[in-house]
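Quick one: structure below, then a few questions.
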Amino acid sequence: MSLASTASAKAPPSLLARLFARQELALLVCLILVLAFFSVTVENFFSVRNMTNVLGQASLALTAGIGCAIVFISGEVDISIGSLLATIALPLIIIMNDTNSLLLGVSGALLFGLIIGVVNGYLVAYAGINSLIVTLGTMFIMRGGVYLYTGQRAIPDDASLDSFIALSDGRLFNIIPYSAVIAIVLLAAFGYMMQHRPFGRQIYAVGGNQEVARLAGYDVRRVKFVCFIISALLATVAGIILAARVGSAQHTAGLNFEFQVVAATVLGGVSLAGGIGSLTGMALGVLILQFLSNGLRGLGLPTEWQLVITGMIIIAAVAFDEAKRRRANGG
Amino acid sequence: MSELTHTSAQKRFIGGQLLGSSQLVLGAILAVLCIAISIAAPQFYSEANIIAILRQCALVLIVASGMTMLIITAEVDLSVGASLAFVGCIGMAVLNSTHSLALGMLAALAFAGGVGLFNGLVVTRLRVNSLIATIGTMMMLQGGVYLFTREAVQNHNQLVSFTDLGAGYVGAVPVPVIIAALIFVVAYVTLRFTTLGRYLYAVGANEKAVRLSGLRSERLKLLAFIVTGLCVGVAGMILSSLMNAGQPTAGRGFELTVIAAVILGGTSLLGGRGSLFGTLLGVLVLKVIDNGIIILGWNQDLQMVVPGIVIILATYLDIIRNKANVR
Amino acid sequence: MSVDFLHPGEGAAIDTNASALEMRGIGKRFPGVVALDNVDFTLEPGKIHALMGENGAGKSTLIKIMAGVYGKDAGTVRMRGREVDIKSPRDSLKEGIKVVFQEIALISEFTVAENIFLEGYPTGRTGSIDWKKIRADSAALFNRIGFNVDPAARTGSLPVSQQQMVEIARALAHEARVVVMDEPTSSLTPNEVSLLFTVIRRLAALGIAVVYVSHKLDEVFEIADTVTVLRDGRHISTKPIGEHTNDTLIQDMIGRRIDNLFPRQRGAAGSKVALSVENLSTAKKLVDVSFEARAGEVLGFFGLMGAGRTELAKAIVGYDPIISGTVTVDGQRLAPHDTRTGVRLGIGLLTEDRKSEGLMGELPVYQNASLASLGAFARLGFVDKAKEHQAVQDYVDRFRIKTPSLFQQIKNLSGGNQQKVLISRWLMRGLKVIVVDEPTRGIDVGAKSEIFALIDRLAGEGLAVVMMTSEMPELLGLADRIAVMCEGRLTAIMPREEATQEKILNAAIG
Amino acid sequence: MHWSKSILLASAAMLAIGAAAARAENMPKHIGYVTNYATHEWYQNVIKGMKAHGKELGIDVEVQDANLDIAKQVAAAEDFIAKGVDVLIITPVNEEGVVPLLRQAKAANIPVVLEGNPVKGMTTMVAICDYDTGYFSGVEAGKYAKEKLGGVAKVMNVGLPLLSATVLRSHGFMDGLKTIIPDAVMVHDLDGGGNPDRALEVSSAALAKNSDINIIYGINDSSSLGGLQAWKAAGKSQDGLLTVGTGGEGLAFINAMQNEPSYRIEAAMFPEKEGFTTIDAAVKLFNNEQVPEHIVSPTAPMTGDDWKKYYDYDGKTRTIKWDAVNALQPPAKCMKTSADLKK
């Protein structure tokens, strides 16, 4: 036996085969199928207006999904993002109402998000508490805190700043909602970070094998800490978009949002085990679920059917993915 | 850590370990809570209130007993809340049409067990992560219950035996508390003293080793899912008796309460470690907090905040205690 | 990049007067045990320094202190005369210490090239990763060390031996003054080993200090300039290799002489066929494997890494699915892919991967021991604990398993004692055929002979023992018959008396 | 489907009166309704009223469900606007949350009718008077307490602070009660979450603390029933107890009034009627007619067997008696609204 490996002795697989092996392509095919199905069955589905509307609606899950995926890739979970959406809307709206300044409001919201991210990240990375437990805890604490503070009432946006309204109603070139533009820009930026910046690769390494990452000189705790901060800040951005879309700070905002985002992220091939998946996959997962729910609404299906179908698709998609992975590993 | 491995003088993990670990912290928290609340509000110690707390604990404890077994095998079920509502409706509907508590109960158990079976099959056969699989089932059940009934299923027959299931008493003790106690004892004995219990721990601790030892690890996990389902079946019937109707809207957030109680009780989400006694303490702590906040007349929104803090705090204290033990 | 080690003289100038690394009075305690006590260890540039000792002697602790994985409790570390404080792997890497651990430390989802540069990505002006340079440099690196692997391949898809080489190549990708290799040859083929030795000698020629940790005496005699032996956390000796013989080395390591590593107590094997495997094939590896094993014999399977020994072991006990063939135990056919009937018929596997397939680390010793035979201690499904504990205690006494109590979590036992517990697991069940896969992996010399004695005893009690091993001495010392595998096929099967190292290796290479 | 059939029959009688007038106008073709949560009986009956009336007038009423999620409500309404419905009807998940939707609908020139809750900048809203509903059931409760409970009124309010509408009901109830029994007190003010199991749980705890009450008030049927079940589960007799429910949205209250001795008063809010009225308002807006800002849908306290006046019940389904419900005269203006709460 020479060092020539059996693997490298073979010709490299063709480009097409490589593409097909990629999670993202399978998802893209899935998305196209969803689009094709509803284009035929639902009137107006394929209109520019409806497509861009869905992009606007998807911007929330896309933005928060980036953070969710990054935390997953680092090998942890963050289910506090739904409550966070409601929490950061408070400083945002209150400060805007007081100061009539979008900049100050957004800064306040980001500061709040930063603090929450620091708390989550510290408890997971430095205190060593299981991230599911930590974020389950902070999820309860934040939701309860919002109820306590607001007395379970929404706080209206009295400032009605044009710039804030534009976040909900405005469209770039009169076509793409600004919220979607924000989500796409963030997606591109963080996608670039995850693939081409050393820190992004460190996150993959930490999630892929924590011990190896540590031996490679990475500060594993710091990497995880930062991931939680990123997640909280991105959820903050999602929260700001949501606040604009509903013109207020909603105490019930983001209830069950974490489930939606987690489902979309896992559907997008980001593994809960860490180290596997991409933001592109996550984005495709979000879009599939968003177009699905838009299409099902278009079909006039009641909520109960939408729930049943979405649940089935999530299970089927993950089962399919798992089967594919097992076949690839020959087990 | 290989250097650690041959330390013959390592620690006194004596048999009392099961009682010793996280339960100590939790027991202390419970004691402090009870004492503090009773000082501030003496009604806390009234017989009526203690019975009310126990009844509130009953539903959670029933499902948490199954969930503890499931989490010990390193799986989890988020669909129990949605299933709880559905089960109540089905049990009530069958009870209405058959006039038989036994048949209603049977239908409820069959359905809930079926949900557990489904979850178990998806997890063991299709190898879907149980967190995701049961989020999927949760959605399907939430939708499915409204396909089954859009309205609360009313109790048409008003069978006394059915009403007693939720609201009845044996002596001074509410029936649900007795049922919960029975299920708890059975689960406790199973986990502690039977081969099955030992296998459940083993599956959670190392599934491959269990398979190599000639045991069917998938079946064991499947069983844990089904048992969890059956517990939901019992709880669902008690709830519909208490509500005097099958409520499709019931059970929202119930899964989180149950899982929180189990985690609080020191059962590890990674499997292989945990105890039912801890779960009992976990349920008591959560429900005493809930009750205490009402008794003290505090803002009810604290009922979310305080458990959140307690879960994180208890886990953290446990970690610190473990570290101190190793030093 | 210091891949220029093939061209000595172009490397960084090194002050050859000071020691490359000087550790003085190193002490390290773990709960209940002193892992290192006042240990001195000095590395000279350009020298290959072997570090030896049984498991638990303190080798890994010492290496981990160098690597920054553990902090030290006492002592000083100097590099080229300057005192350094290594608190984390990062500090260690900064000082130019590269440690290649025995367990593969690569991210399996990453490409080979990315893993090579894991410790520091080359970046462009904007701080983004320069992927082109990573691919080009790793290809160049592989070229120069004669290592033929596609840098774009996913690391996890490579065989273990290649991963090991990637790991070694990685140590060369950055500026290093000290390279530590922890049992680097444990999964390499002979050719790869000789390539590795060439690489190590070139490193030394460049002035790099090399630490070579190994159990294999012949390797140490071949490659090392100096040998340091640790025992029970203490420094025993540091001598030039020329002053050592096999015997003196072993004596230093275990503090006593082992007269016979393979004491044979059992008589001749019987003639009754206990296990019969016919035309066994699996989807991934095995091709048409047939053999028989008789009661009372040890049938040794040899093969290089990737030959399919472990796959065979897992297929015959029913753990892995097969695509064709039959397995018969004591005349009864086994249902394929079903460990349950396997265990019922009396065939079990002692796994090579104790941690992930054998131990229930969190659970106490007694539960680990009785896992396969719990039913025997149960009445109506209830475990008779007294009976169970008594049975386990019997094995603990018989096998001299060192544990503070039956309730100790098994993860706290040494490898040898863990292995004995796992063997007890099967003996308590009562087997006819036991398949042991690399039974002494990760077990130190002293405990090894005990495990060998146990295997001998098993065969003596009438079990058929099928032993998978990559250790030639083990094979020749224990087996009655020797089977050799190559790329999933059985290439030879011969009685021990006819076997020579050469014959076996030829069959293993195919 | 038995439901819509019976409504159809009932509405057939109305055709002569209602539709004749309506036919003179231009009819919208397509109305989109985003409901709060369609799984609740109240909204199911609102939808039934809407669909039945829409069918009569030849209008296609399409329903989307926000399922209590404000973000989903915005998305569903956006879908409708993109589709170009003629009129949009919204039951706000939350009053503040749909302000941007009104803005968007206005930009797309689509008139909006709100159901249930008012929103800043709205054109019109069809809703019951929550305060009045509570108030008149409070008056009835006062009369009952004076006659049967010895003039003592100690109330456990199983409330829902989440919504201003439900807060108004509780306020109204206490104010109405005090007109008859001035020293009525609210012993417990609870957050029952509006759902039965939560209501049961908090009521149990409250009763354990202090069971010296004699009136259970629930802001909806789930809340009053949850409170009553807690009372029963505590092993207490219903003698000397009065339970007052609100809504009458489904079958639960009929069952309770038939079987629970203490369940004597129900404030009926006639969801079918509300749906009916909403469609009328939509047609008016479509024709640019002037409409009041608040179109009041009638409510009525029902005591004892009063419910039989308004509903037929065959043991399985209930059927609204349109004549009786349409005969109810809603006030032109509510006594108090959510605007008063904020003061």
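A few comments on the model shown:
Chains here go by letter, A, B, C and D, matching the order in which they are written, and residues are numbered from 1 within each.
One rule holds for everything that comes next: contacts are C-beta pairs under 8 Å (C-beta built on N, C-alpha and C of every residue); 3 or more make two chains touch, one makes a residue touch a chain.
Fair warning: this is a prediction, and the values are worked out from it, not measured in the lab.
Under the contact definition stated at the top, the chains bordering both chain B and chain C are A.
The chain with its C-alpha centre at the largest distance from the centre of chain D is C. One finds 42 Å separating the Cα centroids of chain A and chain C.
Averaged C-alpha coordinates give centres for chain B and chain D that are 36 Å from one another. Taking the mean of the C-alpha atoms as each chain's centre, chain C and chain D sit 73 Å apart.
For chain A, the set of residues touching two or more other chains reads 152, 302-304. Touching two or more other chains at once are residues 146, 301 of chain B. Residues of chain C in contact with two or more other chains: none. In terms of which chains touch, the assembly is arranged in some other way, matching none of the line, ring, star or all-to-all patterns. Pairwise chain contacts in this structure: A-B, A-C, A-D, B-C, B-D. Against chain D, the residues of chain B that register as touching in their complex are 41, 43, 46, 48-49, 51-53, 55-56, 146, 150-152, 154-156, 158, 166-167, 169, 174, 239, 242-245, 247-252, 290-291, 294-295, 300-301.
The touching residues of chain C, counted against chain B in their complex, run 30-33, 35, 55-56, 58, 60-61, 64, 317, 319, 339-340, 342-344, 348-349, 351, 356-364, 367, 371-372, 374-375, 378, 381-383, 385, 402-405, 407-409, 411-415, 417-418, 425, 429, 442. Partner chain D is touched in their complex by these residues of chain A: 43-44, 47, 49-50, 53, 56-57, 60, 151-157, 165, 168-169, 242, 244-248, 250-257, 293-294, 297-298, 300, 302-304.
Of all residues in chain D, those touching chain B in their complex are 39-41, 44, 190-191, 195-197, 200-202, 204-211, 222, 225-226, 229, 232-235, 250-252, 255, 259, 315. Residue ranges of chain B in contact with chain C, taken from their complex: 2-15, 17, 193-196, 198-199, 201-202, 205-206, 208-216, 272-273, 326-327.
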